[in-house]
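In what comes next, chain A is part of two complexes: it sits with chain B in the first one and with chain C in the second one.
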Partner chain A sequence: MSGLQSLRLVRVSAVSGRRILAARVLSFIAALAVGAIVLAACGFDPLHLGTQIIKKSLGSRFGLEDLGLLLTPLILTGLAVTVMMKIGLWNIGADGQFYIGAFAATAIGLFVKGPEPFMLLLCFIAGAAGGAVWILVPTLARAYGKVDEIITTLLLNFVALLLVYYVATGPWRDRTTGTVASTGRVPYEMPDFFGSLHWGFVIALIAPVLFGLLLRYTKWGYEIRLTGANPEAAHYAGIPVRRRMITIMLLSGAIAGIAGMLEVTGTVHRLQGGISNNYGYLGVMVAVLARGSPAGVIAGALLMAIILNAGIILQTQGLTTAAVLALTGLIMMFTAVADQFAHYRLVRALPQAAATAAG
Partner chain B sequence: MELITGILTTAFLAGGVLALAALGEVLAERVGVFNLGVEGLMALGGVTGIIAVTLYPNPFFGFAMALLVGLGFGALFALATVVFRANQVLCGLALTMLGSGLAVTIGKSYSGMPAKATFEKIIVPYLSDLPILGRAFFSQNILVYLIYLIIPAIISFVLFRTRHGMNVRAVGENPAAADSAGIPVTLIRFCYVTIGAALGAGAGAYLTLAFVPSWSDGVVAGRGWIAVALVIFAGYRPFGAVFGALLFGVITAIGYVGQARNWPISPTFLSMLPYLGTMLAMILPVFLWRRLRLGFTAPAGLGVPFFRDER
Partner chain C sequence: MPELAVQNAPAKPIIALEGIGKVFPGVIANADVDFDLRPGEIHALLGENGAGKSTLMNILTGIYRPDSGRILLDGVAQSFNSPVEAIAAGIGMVHQHFKLVRAFTVAENVHLGWKDTPRFASAQVLEARTRELAERYGLAVRPEARIDELSAGEQQRVEILRVLARQARVLILDEPTAVLTPAEARTLFKALRAFRAAGNSVIFISHKLDEVLEISDRVTVLRGGRKVVTEPTANCTTTKLAQLMVGREMVLGGLREAMAPRSEPGRVVISLQNVSAADDRGRAGLIDANLEVRAGEILGIAGVAGNGQRELSEILTGVRKPTSGQILIEGVAVEDPSPSLFLDIGVGHIPEDRLRSGVAPSLSVSDNAVLRAYTEPPIAQGILFKPGAADTLAREIAADAEVTLPSLRTPIRNLSGGNQQRLVARREMRIARLAIVAAYPSRGLDVGAIATLLRYLIDLRNSGVAVVLISEELSELFDVTDRIAVMFKGRVMGLFETQDADLETVGLLMGGQTKQPVVQTVEAA
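For the complex of A and B:
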């Protein structure tokens, strides 16, 4: 007992990235262990499933292509959420902005004719503008009325989903091939460079790096960081807090919109009801995993893409989408807790100090 | 007249789901914890209710089991966010995914079947003879009375009229000060978050045992998120939450009436009404009556984990 008493847990506010990483790896293993036990209890063979996942997702060319296709939207939605986190705000509406970005790009793709490179650029602009428009009302409400952006951005997700569902099953329905709940094929496509992996992936890789550099090396970036850290101080320092907030929020919406545009022109080639595949919500997780670091978004998205890819493989092995969703939730919960555990450290305390700590 | 009574009857019934979930969220947010897992809790409660009444056909049993499951998952969420102080937004989203996914997985073989036992209407003597309100409110199932009158009254009384309630609010406003005053911050947060989660799961059981009444994938349909939004609209007050829920019940009911009467609007657009209505209800008051919002501010400690050793 006395040996135990001289040890106590101390919280450290600043911890190294390495400690966080170690805690995360442990939590990931713990979540997988819990998941494996549940799967075994349901009559699956976790070991067999595990080897299947590794073989099919990382060990084959098709697996890597799929990973890249999943990474593209995840990096961008993760970045969209991170951009807003930098100024101290949450964007839970990336899913809706993704939908509207895809919607706007499809509208241009289906109804405007022109040479392909020019049309792709036009779709890109339309996607960005669509995402920005979708966050406009929450932005103005937040900037001028301090209306909580978490809820307003989130509510618009449902409106966007309904709108896309409406056009995909109604006015824009595919009448030539009769595909259910989907528009016709958008004739303009992002060119591929590695199997089915398109150049959107490269855009997605460049975007966080670019934003990171802007944040670090420009006056604008410095002002954003200061506003995020302490809006009062930023205001007294003469930074136009409201203007910065508006640009950042619109930028965030635009990035999520671009993700939607790339999904249509690069991967799916049609607008359909479930096109967002929850990428917006997963983007929130990617951003939290990245801990506000734009470059970390790529790493967070990679982890998420591996989990999603594993989910797709598990579905071919007889697991439902719902079960995979539950498993993802479990992993996220463990990760969130692990991040906190990384802040604690066992230290040897003097007997008196230990006594006061206990009392 | 007939139309108004019809809309109000559906509004009370539909609003009850949101009201109960929002009351639970009021409890969590009053002690400073933002629970974004309501959507998942409702799914779990809904499926639990259906399975329970299939085993033993009594709606009260189903509802009680849903509350118990809510307590369990609420304790899990509270353990992560209050005891381990993990990020509340991340844990909430994770709980929504875990709950929704688990509910669909467990409920697969129950999907689409009507509930084996449902809450029956109780017609209150004399009061049910009132014009409009008599048919619309005093001829509903027992949960409606509980949700609109009894539960908010209890929460209001405890929060605003007792010493314990003052401590509870102090924990949400300024946990460090509350801690110095000897109030057990972590314990109070843990208990209120857990009880709030139980009410969220109860709202799910209300959905599948009294409102729909059956279970299917996606039956919750974003109601958990609307409930979270309502709490802000309600200014973190129990009766405010109930009133807001009724308002959205009315919007939902108008959508139903529109579909039934073949209004020349696509049902998809009518389904957007509750979400757009919630948005408007959050934004308009701020710009119309700035003064009004002063008494409606969020607890100052909302969303901020409390670390005693970093005081």
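For the complex of A and C:
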């Protein structure tokens, strides 16, 4: 009716990865700009803080070591969540599986004696098994009872946390140094290769690449992708959907458990209450940033590690924890908004001349 | 028997459609249709699927614009740009697929997007208003219940209440009884008669003959997008309506000639013995089916969609497990039917709802192309999956299907529905060494593509493959099948040699009617 040309936003369903990336870079810059304005308003010099962050996290050997130590658990928990996303399920319990992986590795480390390489392997297996056991009940409930895995995996986090607090402050507490919040030192350590950075970092780098290759180049991987994309079509293709679902969920738990094991044997060397450092929950964010791409997990974890590292540095510059959290949240929010906006395109709306003329 | 509205002279129509035409790419949906609706009548709109009933009503309510013709409302030319404008003028439609917000309560749904909704109102106020409306219109609903918890019949009452609450004079119902139990259908009919008694009008879209005879005052029959006739229901019988609805002329198009003559019946490939199966909601979907699928023949399954065809096609391909009865493949009983077993012996399956079960929409064309072949070389090698080999197969299938692809990496959901259907059809034909079950394979295709597809099914038949063709298009079934089975409410109602079958009988059976009901014969004797 109206001959006016107007601009309209139109949603497109399929968006290229490049477009998403461009939107995210823009959003990251926007988030930093908003953060800088707020910091300046509070009397800080944003430019000075910015250079401090870059210098201290990327420009120094210690900074890079810290980054690597943060990256290791973030990649693995991010991968754990991504693995389950591939089959269309959410693992919100990576934190709990991380704790139990750490718990199981500590138990072996503290109470079994043996040559170091063998013991590390044993701890590794125990960590993986611990994580898998922790997701076993949600897995069976999901596969046989259609119980929502989001709730079950989430709630088990608190059980794992309390269990670790109990053993770390109770039966396993350190009796030599007299600290009350952690167990004694685990005598077996992941060897370091770059300052304090241990070989767990390399394992963490290899794992997503390996999983990506499995997905792309094995029959099993094809079946997982198909089951995740459309379970009904997978059933029709003759795939045992339930069995694949169970394998993937246990694998996801095991990966989070391995993250916990590496944290104990590589970084902290003791089991303590706060050992997960929320890595499990941050893993969900990493997975969301990675948008289901195993290789993207590394990039997502890197961004998250830089943000966390920046947070620590900002605190040394006098910012409160709350302000740091707000900045982190700002970046996450802008990213989420960017992902949505990448789906919209500005088009010139055409007048409905063709339609009205016919009537 | 229909209760005729008391009318001495035909009243001036509320709505008159004159010469309505609508063309979609490749399909003439409506051509030169005249239709009028009088006050105080229930006017049935009868026709097969695809006859143009829904399109006509979507034009009336402003969802589509007509390409030609005009709409008169109370004698004045009028066109609606959206259903909102139509309801403001007193014309409301209840669609086949309900448009309710499932997470909201009945009261909230009734008040949603309604100008009379109080601006600030508590749940109690909305529920009280809804209760009052429900009493006024005699529609029993529970205002505080969430839509999720309601049966289809209850949801339909909410939809009707939504329309009536907005002071509609004209209620359009699209296949309202398709989702109802017989008891719910009776309740609906009661409400419709009450609505008519108040001087309002109903357009009742259906393809069920007995219902049309029971509820309507007049009936308009559409076929192939054109109006066949408008008659007072009192002058009609099921037989007459079935003839009018299905028509006598059939498009043969040389397909019949392409079918190699059979000297004797082929060997039985798949045989069902008293097989029953549950539908997705766990109710009886397929009841006591006995059916033999023979090599070198096309077995047609006629029936209105939703009468057990999905369950039957899934039983014949191992996707659904029977609740009782036996499946025999080449005479051997199958202990534990599974999709992979039927795949291994060479049974192809074009599912009726390809987006739901035939493809994984978010995966690439290439990944979807190998869905039924990924376990075998050259795609698989040991535990390995070879993307290069998958691409090769995808390219071959696309070439066979005459689909040009932007890229093999494109998610298959970016292709048009017709192209997806062609790819799935070709993919399944490749694996159909023994049999193929094609459920509505022509859906979403244009006429030329349908002919090509049917031609391929005939080629498979001629080469000795058993073909099962499930379709709602009787003309299609009469063109290319050797035998036709008719399904109604989960049962196989009859089985005919196509050359001996007549349209009338098949049409009646599809509506659950037999030519001479047994009861009548008994009474006559």
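The rule is simple: the second predicted complex is superposed on the first by the 335 of 359 C-alpha atoms of A that agree within 3 Å, B and C clash if a C-alpha of one lies under 4 Å from a C-alpha of the other, contacts with A are read in each partner's own complex, and residues count from 1 in each chain.
Keep this in mind: contacts are C-beta pairs under 8 Å (C-beta built on N, C-alpha and C of every residue); 3 or more make two chains touch, one makes a residue touch a chain.
Everything numeric here is computed off the predicted structure, so don't read it as measured data.
Student: Could you classify chain B and chain C on chain A, in the superposed arrangement, as clash or fit?
Tutor: clash
Student: May I ask you to decide whether A:Phe28 touches chain B, chain C, both, or neither, giving the answer as first, second, both or neither?
Tutor: A:Phe28 contacts neither chain B nor chain C.
Student: Per the contact definition in the header, classify A:Tyr236: touching chain B only (first), chain C only (second), both, or neither.
Tutor: So A:Tyr236 only meets chain C here.
Student: Applying the touch criterion given at the start, work out whether A:Phe158 contacts chain B, chain C, both or neither, answering first, second, both or neither.
Tutor: first
Student: For chain A, which side has the bigger count of touched residues, chain B or chain C?
Tutor: After superposing on chain A, more of chain A is contacted by B.
Student: Using the touch definition from the top, say if A:Trp199 reaches chain B (first), chain C (second), both or neither.
Tutor: In the superposition, A:Trp199 contacts neither chain B nor chain C.
Student: Once chain A of both complexes is superposed, is A:Phe44 in touch with chain B (first), chain C (second), both, or neither?
Tutor: neither
Student: Which partner does A:Gln340 contact after superposing on A: first (chain B), second (chain C), both, neither?
Tutor: Touch partner of A:Gln340: chain B, not chain C.
Student: Can A:Trp220 be said to touch chain B (first), chain C (second), both, or neither?
Tutor: Second partner only, chain C.
Student: Considering each complex separately, which residues of chain A are in contact with chain B in the first and with chain C in the second?
Tutor: Touching chain B in the first complex and chain C in the second, residues 13 of chain A appear in both lists.
Student: Applying the document's contact rule, which stretches of chain A touch chain C when the two form their complex?
Tutor: That would be residues 13-14, 216-222, 225-226, 229-230, 232-238, 355-356, 358-359 of chain A.
Student: Looking at the complex, which residues from chain C come into contact with chain A?
Tutor: Those residues of chain C that touch chain A are 65-68, 70, 79, 317, 319, 338-340, 343, 349, 351, 356-363, 367, 370-372, 374-375, 380, 383-387, 411, 413-414.
Student: Which residues of chain A touch chain B in their complex?
Tutor: Touch list, chain A to chain B: 10-11, 13, 90, 92, 137, 141, 144-148, 150-152, 154-156, 158-159, 162-163, 165-166, 170, 281, 284-285, 288, 320, 322-330, 332-333, 335-337, 339-341.
Student: Within the complex, which stretch of chain B touches chain A?
Tutor: Going through chain B, the ones touching chain A are 40, 76, 80, 84-87, 89-91, 93-105, 108, 217, 222, 225-226, 228-229, 232, 266, 268-269, 271-272, 275-276, 278-279, 282-283, 286-287, 298, 307, 309-310.
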